[in-house]
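Starting off with a structure, shown below.
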Amino acid sequence: MSETQPTAAMADERIKQRSRLREAMIRPELGGIVGTIAVFTFFMLFAFDSGMFNSQGIMNWSQVSAQFMIIAVGACLLMIAGEFDLSVGSMIGFAGMMIAIFSVTLGWPVWMSILITFAICIALGAVNGFIVIRTGLPSFIVTLAFLFILRGFTIYFPQTIERKTIIGGIKDVAEGDWLAPVFGGKLFPGLFNWFGEIGIVDTFERGTRAGQPVVDGLPMLIVWALLLVVFGHVLLTKTRFGNWIYAAGGDAEAARNSGVPVARVKILMFMFTAFCATVFATCQVMEFGSAGADRGLLKEFEAIIAVVIGGALLTGGYGSVIGAALGALIFGVVQQGLFFAGVESSLFRVFLGVILLGAVILNTYIRRIITGEK
Amino acid sequence: DGHASQKYILVSHAPDSDSWWNTIKNGIALAGDQMGVEVEYRNPPTGDLADMARIIEQAAASGPNGIITTLADYDVLSGPIKDAVASGVDVIIMNSGTPDQAREVGALMYVGQPEYDAGYAAGLRAKGDGVGSFLCVNHYINSPSSTQRCQGFADGLGIDLGNQMIDSGQDPAEIKNKVQAYLSANPNTDAVLTLGPTSADPTLLALDENGMAGDIYFGTFDLGDEIVKGIKAGVINWGIDQQPFLQAYLPVVVLTNYHRYGVLPGNNINSGPGFVTADGLEKVEAFAGEYR
Amino acid sequence: MNPIIEMRDIQKHFGSVIALAGVSVDVFAGECHCLLGDNGAGKSTFIKTMSGVHKPTAGEILFEGQPMNFANPRDAMDAGIATVHQHLAMIPLMSVSRNFFMGNEPVRKTLGIPFFDHEQANDVTMEEMRKMGINLRGPDQAVGTLSGGERQTVAIARAVYFGAKILILDEPTSALGVRQTANVLATIDKVRKQGIGVVFITHNVRHAMAVGDRFTVLNRGKTLGTAKRGEIKHEELQDMMAGGQEMVQLEGSLGGTV
Amino acid sequence: MSETQPTAAMADERIKQRSRLREAMIRPELGGIVGTIAVFTFFMLFAFDSGMFNSQGIMNWSQVSAQFMIIAVGACLLMIAGEFDLSVGSMIGFAGMMIAIFSVTLGWPVWMSILITFAICIALGAVNGFIVIRTGLPSFIVTLAFLFILRGFTIYFPQTIERKTIIGGIKDVAEGDWLAPVFGGKLFPGLFNWFGEIGIVDTFERGTRAGQPVVDGLPMLIVWALLLVVFGHVLLTKTRFGNWIYAAGGDAEAARNSGVPVARVKILMFMFTAFCATVFATCQVMEFGSAGADRGLLKEFEAIIAVVIGGALLTGGYGSVIGAALGALIFGVVQQGLFFAGVESSLFRVFLGVILLGAVILNTYIRRIITGEK
Amino acid sequence: MNPIIEMRDIQKHFGSVIALAGVSVDVFAGECHCLLGDNGAGKSTFIKTMSGVHKPTAGEILFEGQPMNFANPRDAMDAGIATVHQHLAMIPLMSVSRNFFMGNEPVRKTLGIPFFDHEQANDVTMEEMRKMGINLRGPDQAVGTLSGGERQTVAIARAVYFGAKILILDEPTSALGVRQTANVLATIDKVRKQGIGVVFITHNVRHAMAVGDRFTVLNRGKTLGTAKRGEIKHEELQDMMAGGQEMVQLEGSLGGTV
């Protein structure tokens, strides 16, 4: 038999031609890109002179979007790996509270409190993952249980230890700590000062800080968000582990048979999600100086929504980190933009629902074209 | 001597993550210790008032000597409270509701701060200070008492509430940025009103960041660590202290003495509104979030 | 010559089901060993213990003479056992090239970090698929857009590409058309001639006879014995596969066509 | 060929023997039954003299359980049909608010307000279902969008119309209405009076109602719960439509190919879930006389939890209404029982999470035995 | 005699894929009409338009001489077309008897309300499965506990039981063992003799030759023609199924075994 068999020219005449442009446009992020353009166009038209696009306004929605991004990256990778984490919000509350209890109540050094909290939370993420893997239960149920359990402890601990459910004073104890600024600090204050001087950034006109630039540095929150997005994107698309994430979510059985360590991948992703939640919590605690038992409520849904708006498939195996980041951006811009535009704030939820639905329908259409799903 | 046999249950309407109610928990705990009676704190986990009605029924069924409860919604809660009273449990209304409603459901007395009135008083005070427009940062818009506070403030100022109340949600970063967004879209706002530590703490930071701290008129309901610091720093003009400690502590004391010795004050007790300003802050500072 | 792999008295129980009640099979380099048997006889279960998917309840696996204990499919793959499972190990949402290298991703180090070498993966995939007679639109075409036969071919091409010492094929031809089947059989033949041991599961006696060197028939979790090519006739094999029951009667009415 | 071919004695020697007792015990409801027994035993031991099992106490947890049951029946059938409804809680708030706005603000007759609300809500359920069917999106996302949209309107409408988020006075306008008692009334007052006289039920000791029984009738809430459970159970197990529900949830494609009208079944189940939510809301509004924007928060999860505790499979195709009802009972008894037992209230969520996890693991084990899943 | 069903120039497009480019086939009562063809030729798509799963993009369906337009599988079933799909229409979590009657539940009225008649369903299921040679543990055994072959048999038994006029079988034997295959072929033979028209899709020429009365070969969405039994030889059919390409070469090396 000859080594190279004649190629079976597969079904050429049976496939209608598709334009190159259309081919090029069809990518998982397309929904996110279209949505982002639409949202910015909308607010440019209807809220341009509300201050939404001056330096302060930009910083405003950037920070909100950055928050969403941090948890969206974790949720995105986990969702692509075929699982869900409904305990993200409770984990945020729990992590913040742990840092506060360790540093304020127990008086440990802040850096130690932060590191131990990271260790505890990542371990809890691993427990989540371990239960899901071992019992084969849907992660919806397992993490729903953790949603309740963690929130319960977040209320119970400070209540019994400190007799309060908001613990403040973290800024005081964090003074001079080497790790705290990594989460709560701002980068390049000098640069922004200079921006203020040359007029790129506005300066305060009244109040205690008149003359200073309105934006006096790049908050670490945004830096973390960007770092996590880049990390997640590279991990997913450029490494072998990324291929395993897709495989684990696409078909765990098939992946396992092909030698992908599915259990390890999924548990690691649960841990990464917990890591992201803890970054979120630590940034928040360091910025606001207090931890409350009600922090992080409903954040799990917001993360999932951002990821889904960004084109990921709820059932796993498909999605992109860039898309999720754009989803978070859309989410943040819409939320803040409605305030700038002066829309009755109780309608925000209605808008959110409608945008979610619209984005998902668009994404589904795009995905069907890409994957040839039926 | 049988004194420890009294048992009192306090039912609140707050979801269990609401930090302000912590002072209440501490108040009844302390009163319970001091009076040598058994006290319990109950609340609907999500803040659903219909669930709260069931908790009052449940509390009545467990046969305590008295129930201390809020009257967050007369329609929902009056039935269960009347039933409790009829089944022989003494009731004191605290925190929300009005003295009239308390009488109507058959409660012994009312201890608290009528929300609308408190807002109204704050509004009058702000009007005296020259405020003509404001932003009400509502972090629990689902609950009626929050709206009453904002509405009262607007009425006290003599202006329409309109769009000046925002649904801020409970995430501090979102609250902070929403406040900033509102203030930059409406730069002529004279005053900010927050409804408790949850909205006040991020608002403090927001004002600090956008440079309006100390410049814009800032009033808040309910105290907390950061609020006290804000008052001290002159960023917050006043905090309305309804003295939740008293709302929890006094009913236990009153009920215990009533059940032991048959004595009862002849009138309702208004625990607030008391305006906390930069003067005389030390005690407040020491116990904010715990007993204040 | 020693066998590459020797499975001794393998048992496998699933809860209350005894899937394998002691099966011994060995595979030599360069031979095609056919596993035959009825539905539920335990063929898939058997090769899954061979490829590290299941741990045997009892029994011994010798790989190149050494006792082996595969903890998971990776171990087996690393030892040189490539498997095409009956229910395909392909992920529809992923591209052909990602599927092709799933679990065996080529890596190129940049700054000491091992990155997935997409370029190499794409090139190899296109080349291997072309060799199997399939022209892809591109290496990033999703497997979900391929026909069943094409997917089967990708799975086999992948196994052949990585199949160092043993290639296991579980009913690879059952869903294939005549041409695709011929292709697969030709591939088996080619692979065998390269000195690789092939384990070939099928219900089709003719396919087995075409490429098989030895034939082992399973029945209800037990071996009915192993026969060499030429030692056994088509009809005998057919009878054994059906458990020897009432084939005569059926044969009669259908004219020996099964 | 002979008509009856010799039976192929299938693999008898390959299946280990299983005891008859074990066979008999293994049913979908088993998890629910075991849980119910465990929960009652527990509270009998630890809260017996707390008033939990006097007439008033029983009525208390019965009413809470009945509430859960009403939404659990809808959620159960929908889940078996392979879909989810996360908008149940918002639907409850929305329905109550509609009734209040129609009857109090607009002054329409109460019966008309109720009927129109039912029509609107069932139509919204149909919209939910229609979007899920037409777009092929996961119901998680579609109903999550409706969760936000409906809650947004529930806050927005009363806010703009009445400038408050709670509308009261429904009891007054419902006076003399013929439909209102069907949701808010009580059955058999005479019987309970007699119970009071002969001492089965305690009587009030003082006040305006001294001498009357503390439980003065069977609330319609409980009647609705029982009716819905019976209806759901019969529908699911005894009718052809029930078979279609299982089939639609087990494998929609296969069911469709076999001639089951899958789209119709699913949309009807979404409508039935909306119906149950509206029954819940109407009973609540009629009993308490007011509607608030915060009603029904998180009820969607409570319904799903009850159903899952009751042994249904989150992914559809498996479950039982009786199980869901027992799940609701367990949930209600635990929730109220913890209060009776005097457990620190912030720990309630921790218990809930742990019970959920335990129940689900037990149920999974049982289901694997029944269905021979791998 | 008129055909029961006549499909005229059926076309079916899926988005940019042309699955059927005009196919005409008719089926007479009492005949077994075999549909053959390569992977992706369009066989499944074609019988799905016949059974109401897909609506044809163009073309006409005449059922007993009348133009028909099946809106959904129900319509086709009601008209008398029973189908066993390639990817089984069985629900693993449901019991055998519920599966058996899925979409065709027997009903007994009590108080005017039509209740599912479980008793009858169970009896029929046990009886029919026994006839096919499968002994169930009980009618409430979940389909998920059956082996692939057993499931296939349930699907066929169900179709036979309800298959009023036309029975469509899409690759029913592809996953079956020798004995089960013989069973299925025997069943086809039996059904045909009862005057039912059978459409039988297979990749196995021998299976087709064993029971087929007429043979239609599809290739890339088009018919290569229809032949009667006896008019065409095994090898010709084989060549046509593979598209006539390069079979000689393969045949040579594999000894005519495919």
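We just call them A, B, C, D and E in the order they show up, numbering each chain from 1.
Here is the rule we use: a residue touches a chain if its C-beta (ideal position, glycine included) is under 8 Å from a C-beta of that chain, and two chains touch if they have at least 3 such contacts.
Being a predicted model, the structure only gives us computed values, none of them experimental.
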Any chain in contact with chain A as well as chain E: C, D
Most distant chain from chain A, judged by the mean position of its C-alpha atoms: E
Most widely separated chain from chain D, with each centre as the mean of CA atoms: C
Rounded Å distance between chain A and chain D, as computed from the means of their C-alpha atoms: 34
Distance from chain E to chain D - Cα centre to Cα centre, in angstrom: 43
Chain C and chain E, separation of their C-alpha mean positions in angstrom: 28
Mean-CA-position distance for chain C and chain B (Å): 72
Shared interface positions of chain B, touching two or more other chains: 16, 141, 167
Sites on chain C at which at least two other chains make contact: 40, 150, 179, 183, 186, 189, 245, 250, 253
Numbers and ranges of chain D residues touching at least 2 other chains: 1, 5-6, 8, 155, 159, 346, 348-349
In the complex with chain A, residue positions of chain B that touch it: 15-19, 22-23, 25-26, 141, 163, 165-168, 170-174, 176-178, 180-182, 184-187, 197-198, 201-202, 205, 210-216, 224-226, 289-290
Parts of chain D lying in touch with chain A, wherever the complex brings them together: 131, 135-138, 140-142, 144-149, 151-153, 155-156, 159-160, 301, 304-305, 308, 314-315, 344, 346-354, 356-357, 360-361, 364
Chain C partner contacts - residues on chain E that touch it in the complex: 37-41, 147-150, 171, 174-183, 185-186, 189, 203-207, 209-211, 238, 241-243, 245, 247, 250-251, 253-255, 257-258
Chain C residues touching chain A - in the complex, by the definition given at the top: 51, 53, 72-74, 76-77, 83, 85, 87-94, 98, 101-105, 107, 113-116, 118, 130-135, 142, 144-145, 150, 179, 183, 186, 189-190
List of chain A residues in touch with chain B within their complex: 47, 50-52, 54, 56-57, 60-61, 63-64, 67, 93, 151, 154-155, 159, 162-166, 168-169, 204-210, 212, 214, 221, 284, 287-290, 292-297, 299, 335-336, 339-342, 344-346, 348
